[in-house]
Amino acid sequence: MMNSRVLYNKNILPSYYKLGLEIDGGFPDCQAGQFVMLKISEQLDPLLRRPFGIYKNRVQGGCPLGAGSRVQGIEILYKVVGKGTWIMSGLKEGDKIDVLGPLGNSFPLSDGYKNIIMVAGGIGIVPFYMQVASCKMQVATCKILFGGRNKNDLPGLNDFKKLGVDISISTDDGSTGGKGFVTELLKEELEKKGSRGQGVKGSNNTLVLACGSKPMLKAVAEIADKKNIPCYVSLDNVMACGMGACLGCAVKVKGSRVQGFKSSRNNLQLYKMVCKDGPVFDSREIDWEKI
Amino acid sequence: MMNSRVLYNKNILPSYYKLGLEIDGGFPDCQAGQFVMLKISEQLDPLLRRPFGIYKNRVQGGCPLGAGSRVQGIEILYKVVGKGTWIMSGLKEGDKIDVLGPLGNSFPLSDGYKNIIMVAGGIGIVPFYMQVASCKMQVATCKILFGGRNKNDLPGLNDFKKLGVDISISTDDGSTGGKGFVTELLKEELEKKGSRGQGVKGSNNTLVLACGSKPMLKAVAEIADKKNIPCYVSLDNVMACGMGACLGCAVKVKGSRVQGFKSSRNNLQLYKMVCKDGPVFDSREIDWEKI
Amino acid sequence: MKKQHKLSLRGALAPKQSPSEIASASPRNDITPNLSVNIAGIHLKNPVMTASGTFGYGEEYSPYVDLNKLGAIIVKGLSLKPRQGNPCPRIVETPAGMLNAIGLQNVGVDVFIKEKLPFLKKYNAPVIANIFGQGIDEYTEVAKRLDGTGIAGIEINISCPNVKKGGIVFGTNPKEAAKVVRAVKKAASLPIITKLSPNVTDIKIMARAVEDAGSDAISLINTITGMAIDVEKRKPKLANITGGLSGPAIRPIAVRMVWETSKVVKIPIIGIGGIMTANDALEFIIAGAKAVQIGTANFVEPDVTIKILKGIEDYCERHRIKNLMELIGSLKRH
Amino acid sequence: MKKQHKLSLRGALAPKQSPSEIASASPRNDITPNLSVNIAGIHLKNPVMTASGTFGYGEEYSPYVDLNKLGAIIVKGLSLKPRQGNPCPRIVETPAGMLNAIGLQNVGVDVFIKEKLPFLKKYNAPVIANIFGQGIDEYTEVAKRLDGTGIAGIEINISCPNVKKGGIVFGTNPKEAAKVVRAVKKAASLPIITKLSPNVTDIKIMARAVEDAGSDAISLINTITGMAIDVEKRKPKLANITGGLSGPAIRPIAVRMVWETSKVVKIPIIGIGGIMTANDALEFIIAGAKAVQIGTANFVEPDVTIKILKGIEDYCERHRIKNLMELIGSLKRH
């Protein structure tokens, strides 16, 4: 929890913004997939904090908070969808905002896998900027499949191009990249590479990571599951506390397959908390029927 | 009700601000004492509009909205006292704000009186800037008695100096002007001039106008009443609607002395609405015990 | 969110409209939805009415609202004699709401008929008189005097929590409520709407009681009793100590009560409580209300009723709803 | 208002503090106020407790709050067996509030004692277990198991509106409530606090009933039943359809109920409902509460309890209040 200063708030595409936040001391141990809870307004409406993934983290060298700047901070990439994000879009340099985090778990480390395929839908691109950096450190090949409704729905695309990472694009209307859903790209990619997973980490083969809308994630999980390729998804949910206290952000899991749930005597846990047990989950853990 | 643009929001003294608002078409018929209701936030907290007197009105030539500017607008002079005014103090040029008004009645015209004495406490100075202009048009002598807690509690003092109007100052701590309450100035003034009112308009003598805290107004009313000098006060009250609909801003009046109340068969009205029947009242109308 | 949002703060690529505007920006189709509803024999052009006590006697708002466009106008609660109301302070703002303890100040039924009604009759919106009394006699006497004056109906306030004898007993006791309804029904030939108090354990019991007693419709909710304290002075913020809570803060409670009530009564329900936008109004309609009343929102935006009406029209067009009846009580399961 | 307000937006002459800070900026005097209170034999260093279900099992908040500083910690409601809770969505934001339908998900009393309590015992804040059951048997069995585990007391939740058998019957029926209290009193030798539901016509009757049944203290209010609808989907926003409204929106209702209750019972009252700041907490104390619980505010500001405690201290110093007891129920007439 800290009182952070807005460094910039840039409108990069219709409805999409980049928010630079100064964080005293930075988030040194922050990892791809983690998020912060922002208190957007001091007023009582909106009342609750809003969760946002950490797009870039200066500590890890990725955040362009002014060339050569020593300012520690993070960059948030966000889309205006409602009241809170609308208010955020009015933030100006120098404004103060309360940041709680970093929270949640992160994507698994890439070591042991040869190909990391990251599937992102629209704003779902957020966790992958840092994940690419971490992949590079682990010397894994990574490929990004990025889908959006149209060319204006591919936020941060230039950042990834600058990273030099292999990226394929699809849009629902074909305005950029291939026309169609990003899940088609995934199918092609898996065919092309003839990827075959053993479903266990360390099998030196393919790993799928995904972030986007629930229908997209469900489709990705199915595709990966059919090929027996391990797949991790970053889930989205409405949150109140962000730290496992309110039990509000529950997601239905396939209870019987969950291990190590010592809290229940019958060893069955039907819900996990997106904020604390996630936001990243092994896709086979999730009860996709109930999502 | 109109969507107005913030022209400026200047911090003139600790806690005091001047807010310039562009008003399409201006408020051509607006008079001294009238007010507007501002919707300070689009969020639901704070929920209600806040009332503010019109300090300057560009249409009447008084508002310095940029030299030679043709912009029509008003200037609000306000003090940060709570949530709403605190949010207001963060408004910036170009921000939009919803303005409802002008509302309420105004101070009586000065014609017929020779001396107009305006007694203001702190932010109570607001209605008198326009009243001075109207006095001048009516060729009445006017004098302002301005009291504050200290030298930082005399907002707009320079504006009045520029107007060239006769002004006497008192502060509770003596940091500017005489030390003491502004009511002392009033007593002196009335002694000095040997003013004597006949209690009717047109008596070609003294009229007292006052705006400030309730205890101050009560004291002013008493002083004027003793001398039988007509006195009008501008009252402050919490408001919801500003247009006589909610009946929330009631002020206790001396029912029996009120005339023309045709709505009640027993010809007695115990409450008047500050927003609609006021904010300016004949001081003899008010039940000062219940204020 | 309103249009005036600090759009100028946004960059060139910013959405030109606020989120709620974007939602309603889909292309119109050529259906002009029929929004008219019939409440207890009163024909309303549309379901948007003003709530008693928040719209004066109509006159106050006529500079801001074309009264002809309203579904109906409900006037400030009327008693037999004029009432002076409570001492001040009478109102205080609370988080997303307000407390009021006006104390039912009103001009009395006779002055209303003589001085206020003629103005309202110039418009074609049905006028509904909200009435209250200190006892059944007063209720019936007020109703009698209103009968034949050209008003469209009577709304019985059995729920105002501010004045001790002003209805709180009737409003929380099903038998007493039924007695008032029966008496007023007998006294006047006008359609009768009974306005329920939310300060009860089970709103369904109250609703059933007044339906059985012959009420032609139900409106709910009135304000919820609340209180605020000035901690510096250690005094209640309202002279009356307690007051009625209204505004968006209470909306979830009101929607729930309308939904519960809609399952147990057959007579039409009018939803009230914290409606600020068309979406809010639609929540009540989908929950089972045939019409809505707008209260506190009038203070914040004098022309809010017209905006809400427009928003409901847009919603119907967007969802290809030809007749509002399709929407009423159309809540689906999760 | 919090410190982080856009101070940088203000001019050089701007007040350096927000209004609430200015109010509390008066010079301190040398009184160190005694804030300790005794609730039903439980000694609290200060009146600031955490509300059940909003502070997890304490552990979740330990990185943000020095648990030793709290008056008491009330844990998430416990049942005999672990409970999975309701389907999602479980929460939705409302104007200045939120609805929750968690469905009383919890680890069960045994796991609590084995796995959660040891952590809490490392701190010196009294731990109070909030319990509920589907019937009297479950209440008493849970209470029995908690007896002798080192917890300071039991708070009986007779009011949770989410689960059909989870207490709503007890919470709105004075006789049933009294039965639960008597049974739990017999089952455990611990101090018993009964937590009342606001979803009743007359809170005083409920309060008297549980006092007569032997409850050592009363806490109120639990959430108010509410509902929100997604008008685009025409579905309830909560999978459970209805949920419990909490947060600042309900504060005026809660303050009123505490004030009403304080006039009819002798046992201590703990005030709950929408407390976000020290001022809010003081409203309850001045209305008659001996202590307060902080709920929803923890989600917004994890260390809000400590800020509230500090604010109460400052207030007492400023008003030269040597002992919190001077303040409790000190409401003056207008």
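Brief remarks on what is shown
Each chain carries a letter (A, B, C and D) given by its place in the written order, and its residues are counted from 1.
Please note the rule applied: contacts are C-beta pairs under 8 Å (C-beta built on N, C-alpha and C of every residue); 3 or more make two chains touch, one makes a residue touch a chain.
Quick caveat: nothing in here was measured; it's all calculated off a predicted structure.
More contacting C-beta pairs link the chains of B-C than the other of the two pairs A-C and B-C.
Rounded to a whole number, the gap between the C-alpha centres of chain C and chain D is 33 angstrom. For the pair chain A and chain C, the distance between mean C-alpha positions equals 45 Å. As a whole-number value, the distance joining the C-alpha centres of chain A and chain B reads 56 Å.
The distance from the centre of chain B to the centre of chain C, with each centre set as the mean of the Cα atoms, comes to 35 Å. Multi-chain contact residues, meaning those touching two or more other chains, occur in chain C at positions 1, 5-6, 9, 87, 95-97, 247-248. Across the assembly, chain B contributes 44-46, 83, 92 as residues in contact with two or more other chains. Contact topology of the protein chains: fully connected, every pair of chains touching. Of all residues in chain A, those touching chain B in their complex are 41, 43-46, 83, 87, 92. Residues of chain C touching chain D in their complex: 23, 87, 94-97, 99, 172, 199-202, 224-229, 231-236, 238-239, 241-242, 245, 247-253, 255-256, 259, 274, 279, 282-283, 286-287, 315, 330-334.
Those residues of chain A that touch chain D in the shared complex are 1, 3, 5, 39, 42, 44-49, 92, 94-98, 100, 237-252, 262-266, 269-271, 276, 290.
Contact residues of chain B toward chain D in the complex are 10-16, 44-45, 80-83, 85-86, 89-90, 92. Here chain C touches chain A in the complex through residues 1, 5-6, 9-15, 18-19, 95-96, 248, going by the rule given at the top.
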